[in-house]
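Working notes, structure below.
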Amino acid sequence: MKYINSKQKRNILSMAVILNKRKIFNDPVYGFVPIEYDVIFNLIEHPYFQRLRRIKQLGLTNLVYPGALHTRFHHAMGAMHLMREAIEEIRSKGHVITEDEAKAVTIAILLHDIGHGPFSHALEHSIVNNVTHEDISELFMSKLNDEFNGELSLAIQIFKNKYPKKFLHQLVSSQLDMDRLDYLKRDSFFTGVSEGVVSSDRIIKMLNVVNDHLAVEAKGIYSIEKFIIARRLMYWQVYLHKTVLSAENLLVNILKRAKELAVKKVDLFCTPALKTFLYNQYSAKDFKSKPELLNIFADLDDNDIMASIKVWAKNSDKVLSMLCSNLVNRKLFKVEMQSAPFKASKINKIKTEIKKRFNLTDKEVNYFVFAGTVANDAYRSDKIGIDILFRDGSTVDITKASDQLNIDVLAKTVKKYYLCFPKSIVS
Amino acid sequence: MKYINSKQKRNILSMAVILNKRKIFNDPVYGFVPIEYDVIFNLIEHPYFQRLRRIKQLGLTNLVYPGALHTRFHHAMGAMHLMREAIEEIRSKGHVITEDEAKAVTIAILLHDIGHGPFSHALEHSIVNNVTHEDISELFMSKLNDEFNGELSLAIQIFKNKYPKKFLHQLVSSQLDMDRLDYLKRDSFFTGVSEGVVSSDRIIKMLNVVNDHLAVEAKGIYSIEKFIIARRLMYWQVYLHKTVLSAENLLVNILKRAKELAVKKVDLFCTPALKTFLYNQYSAKDFKSKPELLNIFADLDDNDIMASIKVWAKNSDKVLSMLCSNLVNRKLFKVEMQSAPFKASKINKIKTEIKKRFNLTDKEVNYFVFAGTVANDAYRSDKIGIDILFRDGSTVDITKASDQLNIDVLAKTVKKYYLCFPKSIVS
Amino acid sequence: MKYINSKQKRNILSMAVILNKRKIFNDPVYGFVPIEYDVIFNLIEHPYFQRLRRIKQLGLTNLVYPGALHTRFHHAMGAMHLMREAIEEIRSKGHVITEDEAKAVTIAILLHDIGHGPFSHALEHSIVNNVTHEDISELFMSKLNDEFNGELSLAIQIFKNKYPKKFLHQLVSSQLDMDRLDYLKRDSFFTGVSEGVVSSDRIIKMLNVVNDHLAVEAKGIYSIEKFIIARRLMYWQVYLHKTVLSAENLLVNILKRAKELAVKKVDLFCTPALKTFLYNQYSAKDFKSKPELLNIFADLDDNDIMASIKVWAKNSDKVLSMLCSNLVNRKLFKVEMQSAPFKASKINKIKTEIKKRFNLTDKEVNYFVFAGTVANDAYRSDKIGIDILFRDGSTVDITKASDQLNIDVLAKTVKKYYLCFPKSIVS
Amino acid sequence: MKYINSKQKRNILSMAVILNKRKIFNDPVYGFVPIEYDVIFNLIEHPYFQRLRRIKQLGLTNLVYPGALHTRFHHAMGAMHLMREAIEEIRSKGHVITEDEAKAVTIAILLHDIGHGPFSHALEHSIVNNVTHEDISELFMSKLNDEFNGELSLAIQIFKNKYPKKFLHQLVSSQLDMDRLDYLKRDSFFTGVSEGVVSSDRIIKMLNVVNDHLAVEAKGIYSIEKFIIARRLMYWQVYLHKTVLSAENLLVNILKRAKELAVKKVDLFCTPALKTFLYNQYSAKDFKSKPELLNIFADLDDNDIMASIKVWAKNSDKVLSMLCSNLVNRKLFKVEMQSAPFKASKINKIKTEIKKRFNLTDKEVNYFVFAGTVANDAYRSDKIGIDILFRDGSTVDITKASDQLNIDVLAKTVKKYYLCFPKSIVS
């Protein structure tokens, strides 16, 4: 250790403060992710945000891709990181983004999914079925804004697309936002489905702003084509993978059955937070009139659902216990998928067999044999599109700029029909 | 579709069967991992093994490295994959491994950690404290062996190092086993700590057997050096990271406090499986005399612990609720770490302050202020070492073969002292 | 070192032989690549094959993507590696590939590009312009077959698609061969254009054989779609990148000018091998009648071309020296690219200006201002397609099996017109 | 295309200028690498720098690791990229680096290796043997400074460590400079030796400046340990790999033999630039008195050497042709390596056998049988060390800060003796 004089000491002391303040978080996807603003750091530390650590981004997808255990917390942090890069890039091209705007748009992306509950889509289709996660996101943001003395007001404006500089909202929510860039990359990384890898670096380097709209410089056209296609493939290979669908439908049916029993006042083991929502039916209005509801919702996470389901696997209700035991031990239903609807006669034949085998009523069998549809749009031509910016300053929608992508193909919603039933049946 | 004649049809039918049977699982670390044997597939499908999907490999490490959510299930599958490669490599060098042995050693590695409970080390230091996970592994294996009609007998022999071909046991458990190769690589991948990356490919390619002992061909010496060093660094950077230590100690204290209350017959919210172990004190002997205990243990996973802790955060016991709330909201204790023991005077001064601030008794304060030690050996010269095989057929221990590694340095146990206390205190 | 008895010694000696024989080569793309057969090893050691170490796979592409310096040697080794994996996979599905066939198909892929000279396409359009690289590949293979006492006969049959088991040829040359799988992956790796990454692992795992044709199991359909699209994008982003086109056309013009001067008996500095081909005009027939020609051709590589061009940059012929100096110092021509032909008037205007500026004749100016076209087919529906194999045993062409790919779009040859001229001109 | 009003048009025009000016280069190691300053861009375009595109970073290493074809151009660009990141990081911690200093230190790292010729070490030991590459670097920089009207003066000061802010020089040249960080990472990437991977991101994030010296914050201590060890391993596994040594010594001997013949006025095929240096003996003084020499040196690259050697393989001088043919066809000498000198008796025995077999004189045999030594220091304790910065502001040398690294081991120069001779001999 060298001798340090008093002047140096002062210098070092102030440096030590800087050392303490700089927060970096470790991400296997991007490496180091710095946290830029104090308010961001404080939001991350808030229990509302920390709960996202306990909510998996892809729900039950890990039953197919065992690495897919990453959380909404991690995704929000990643999207925040891309936002910082996008801001830097756009500024470097001569467009003004003030510090306040930068902070706000970063907050907006950080909190864009704050309202998601555990196994979000399953929950919305069963237990918390009158309130969307978008509603709850707004409730959380508004509550946080109060706690942070209005420091989130600008972020909320941007999030709701009420701020004049429209491109800021596009960075948070559009067909080429930081949300999509991060989740495609992250989901691809953790599932190991390399087809979904998106070159977020390249796309961000090509971002520009024209007439207050995000645009991608013409050099980036291939990356955008790739991005659209990668997203489409991730849908079919991961998000709508038939075994994932099977697992998620099983979970929906479990929660529906539990709700059915709860309505009949059957006493089920539950964590307190889950009990509140299972044994009551709340609307968005209730969330506003009873502020404590939001805090109870904030207590819910994947653990409540799984811990309860494991107990229900031994419940005396045969339907509930069979369904739960199937999920816990990964005895998932078989799924058939096709481009036309399934014939009623086929479905009925299977139902008859299952009813007989498991001694089920007409109503109960629907928990075991059920049909549905999934659909995906690769690109929505009816929404604000992705603009390509040419060197002469003109912009053209990607679907016109590309001589490769066929808009008629991509804009066509691909719809598939599926049918689930216990594996032992030969359809 | 082309016309298919009847001979082709038969051919296709048998092929379809093959298609159905081949099982591949998706791993972001290795890509595709095939499952070789039916018995392996059936073991993986067993509830005892499926439960490992709900037990994180690195416990609370995700509080520091948010990607570290991978499970014991995933690690076991990865180690199985490396075992397959090792078997292939060793066979290609002219050593006999029969199909039965191959199957058995693969089963042995697949099940090597089957006895781990949730947050294993924390649990063993608090609730299930008279039974080690090694005991439970043996119980599970024995139980499975019964269910599988003795098909695991050879695997168990190898696991317990009672099989004559000793190198098979070394592949399962030694200073260079498939367990270590996988966990270093996997933990490095999911934490994003690239320093821990180990070239498992290269090491396996260099494996050989001499006199019934595993040996690494001389060309691989640098990879072995790197492996030992990477492991050492992973210890300090991840496994014994001071914030991870802080979180794990917090969890131990939570469970100890809960146990203390349980002993006093205080009624705590619990999942049934957790309740069994919290409110009773079982020994290894009990597990043998009451076979149902093992099944209850098999019901325990990370969800039981976290779901209960979230409820306890609102318990009327101040100590329990404070500790749990700290964990749930990631208000971790501050940790100081140093190479000498902390002075009693320092510890006492902090305790006094904390007692006063939170109005705690002499006993209670120990849940908030506590000291401990951690230690790590890079390489144990007292254990069976890693042999390096030279072209002349001679083998030499890595510590003698390397002109780079200093055995005196590496064999020295590095021990560090730590002190934890609430962050608000200035030590 | 332990004591070794004489029996062990014998054991070790034979092991040492094995140690010596096993050859592994190091590839940043796949990791370790083993060399399976002695004949393969001996072919790789042959000067005809070693010369591929000095011929870059992507010619002048490194002027745009500086990492793209990988050689035809490296690509051939990579394709050999994928062939080994494909053989293993197809065998595991119950199809017979004998050891002789496996060896032969591996030789065939190893040597598939053996006839390429330096900057192959440029050379074929200028100096060695009456003989294709396919002609020369056959000459090399035939010559090697003589040297190897007929050991390549089966490989040559497969290469020429004269062997009954047609799927073996498809592995070497088809729309889904090991050649394409390797070059897309490798070119993507070394250029850094991540969009081109192809999941060769996944595709190979899905390979099967039906009615003696390669087929991809239905699960792999997304990977095939991705493969076709990745290839198309690699064409536009790398292979036909406009600056790459500019550099390659510059090289063609250099070689044409040199040839023009050579025909006029102007003495140019040349390596002896280059001199032979620059100052003579040989046909495929000549190669057969003068066996030494093939050996002289085998002496040619990238070094001959670049070393000569660097000297020509100081030649007294103004056209030659200007062109060469432009290439050496990377003063590449500007390229305009569009989907319609360039107007003669525009081209003439530029020519007039350049003629004046550099004091060139009407003929000379064509070395500096020139138009051309490039085209790419993503998928050729008129060729043997990629079959998708469904679980019922039926196969369907990818373009019909996919509800995503629009065959009309993909099968349409995309053609682009380009115009090159010195940068200083404003078009 | 949307309608654009005249105000927008102006806006777009200025943006178009920005679009044109921003230069990005594509690196498979780091992704996109922007070029920050016009002067940097102009230096890169200069023929002196463009020549580095034709000089491989690792000489003949590609004969062992076929991917190792990356050039000094690529490495210089990569080091420039890391410098930009380091500047940004250091500035973010409150230390002043002016724009002029940033530009200068970036120029200094860009040009740090500009004086390297083809196969640099081989050339310095044979043909250009009175002038070091450091001498030539200074000549190039000085010449460029003239051409750029003094714009490089500050860069040269920093390069020569004559600028007051010493830490800037440390970024260019020290035991933890951007040169080392890049080459370890890049060489590891292109060889595929994953053991050498260095976390440049992490290290740069931990950089700080104390008392005008670079320091690494204490959190980065493990990364520094890893960096030192990775570098040591890369030395033994790549840079001093015995087959690489064999190839490089073969090249030295080729060039020595050629020189010997040149001195005797034997006429050898040569490119003009190579001829100049082969048939003359220039000193550093000559380079200063004859400015054209530097330009002739600038004409030399890997192509000159390899193109000439290929011709020499057919030379009538038996020694030269045998050596060259060995290199061209990769018939490398066998290498034995050990930690003690080889006995003269052993060397002599081999020489006798080789002399007899190839009918060589006493002098000639030394080209075929030769011994030498290689050595590597992991860390030089006698040089300016790597400082670790603790939170209290104190700094300590890494060797004292680490409880893991043993300075006595690391500081010990590891020296190995090697002996090369034709493969056919049994030693």
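All chains are identified by letter, namely A, B, C and D, in their written order; residue positions are counted from 1 within each chain.
Here is the rule we use: a residue touches a chain if its C-beta (ideal position, glycine included) is under 8 Å from a C-beta of that chain, and two chains touch if they have at least 3 such contacts.
Computed from a prediction, not measured in an experiment: that's the story for all the values here.
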Greatest Cα-centroid separation from chain B: which chain?
C
Between C-D and B-C, more C-beta pairs in contact link C-D
Cα centroid separation, chain B vs chain C, in Å, comes to 47
For chain B paired with chain D, centre-to-centre distance based on mean C-alpha positions, whole Å
43
Chain centre separation in whole Å, for chain D relative to chain C (CA means)
30
So which bits of chain B are touching at least two other chains?
31, 202
Across the complex, what residues on chain C touch chain B?
1-2, 4, 8-9, 12-16, 18-20, 22, 24, 31-32, 92-94, 201-202, 205, 208, 210-211, 217, 391-396
Residue ranges of chain A in contact with chain C within the complex:
194-195, 197, 199, 202, 222-223, 225-226, 229-230, 232-233, 236-237, 339, 403-406, 408-409, 414
Per the touch rule above, chain A residues touching chain B in the complex are 25-29, 31, 45, 47, 50, 53-54, 62-67, 69-71, 73-74, 77, 189-193, 269, 271-273, 299, 301-304, 306-308, 310-311, 328-330
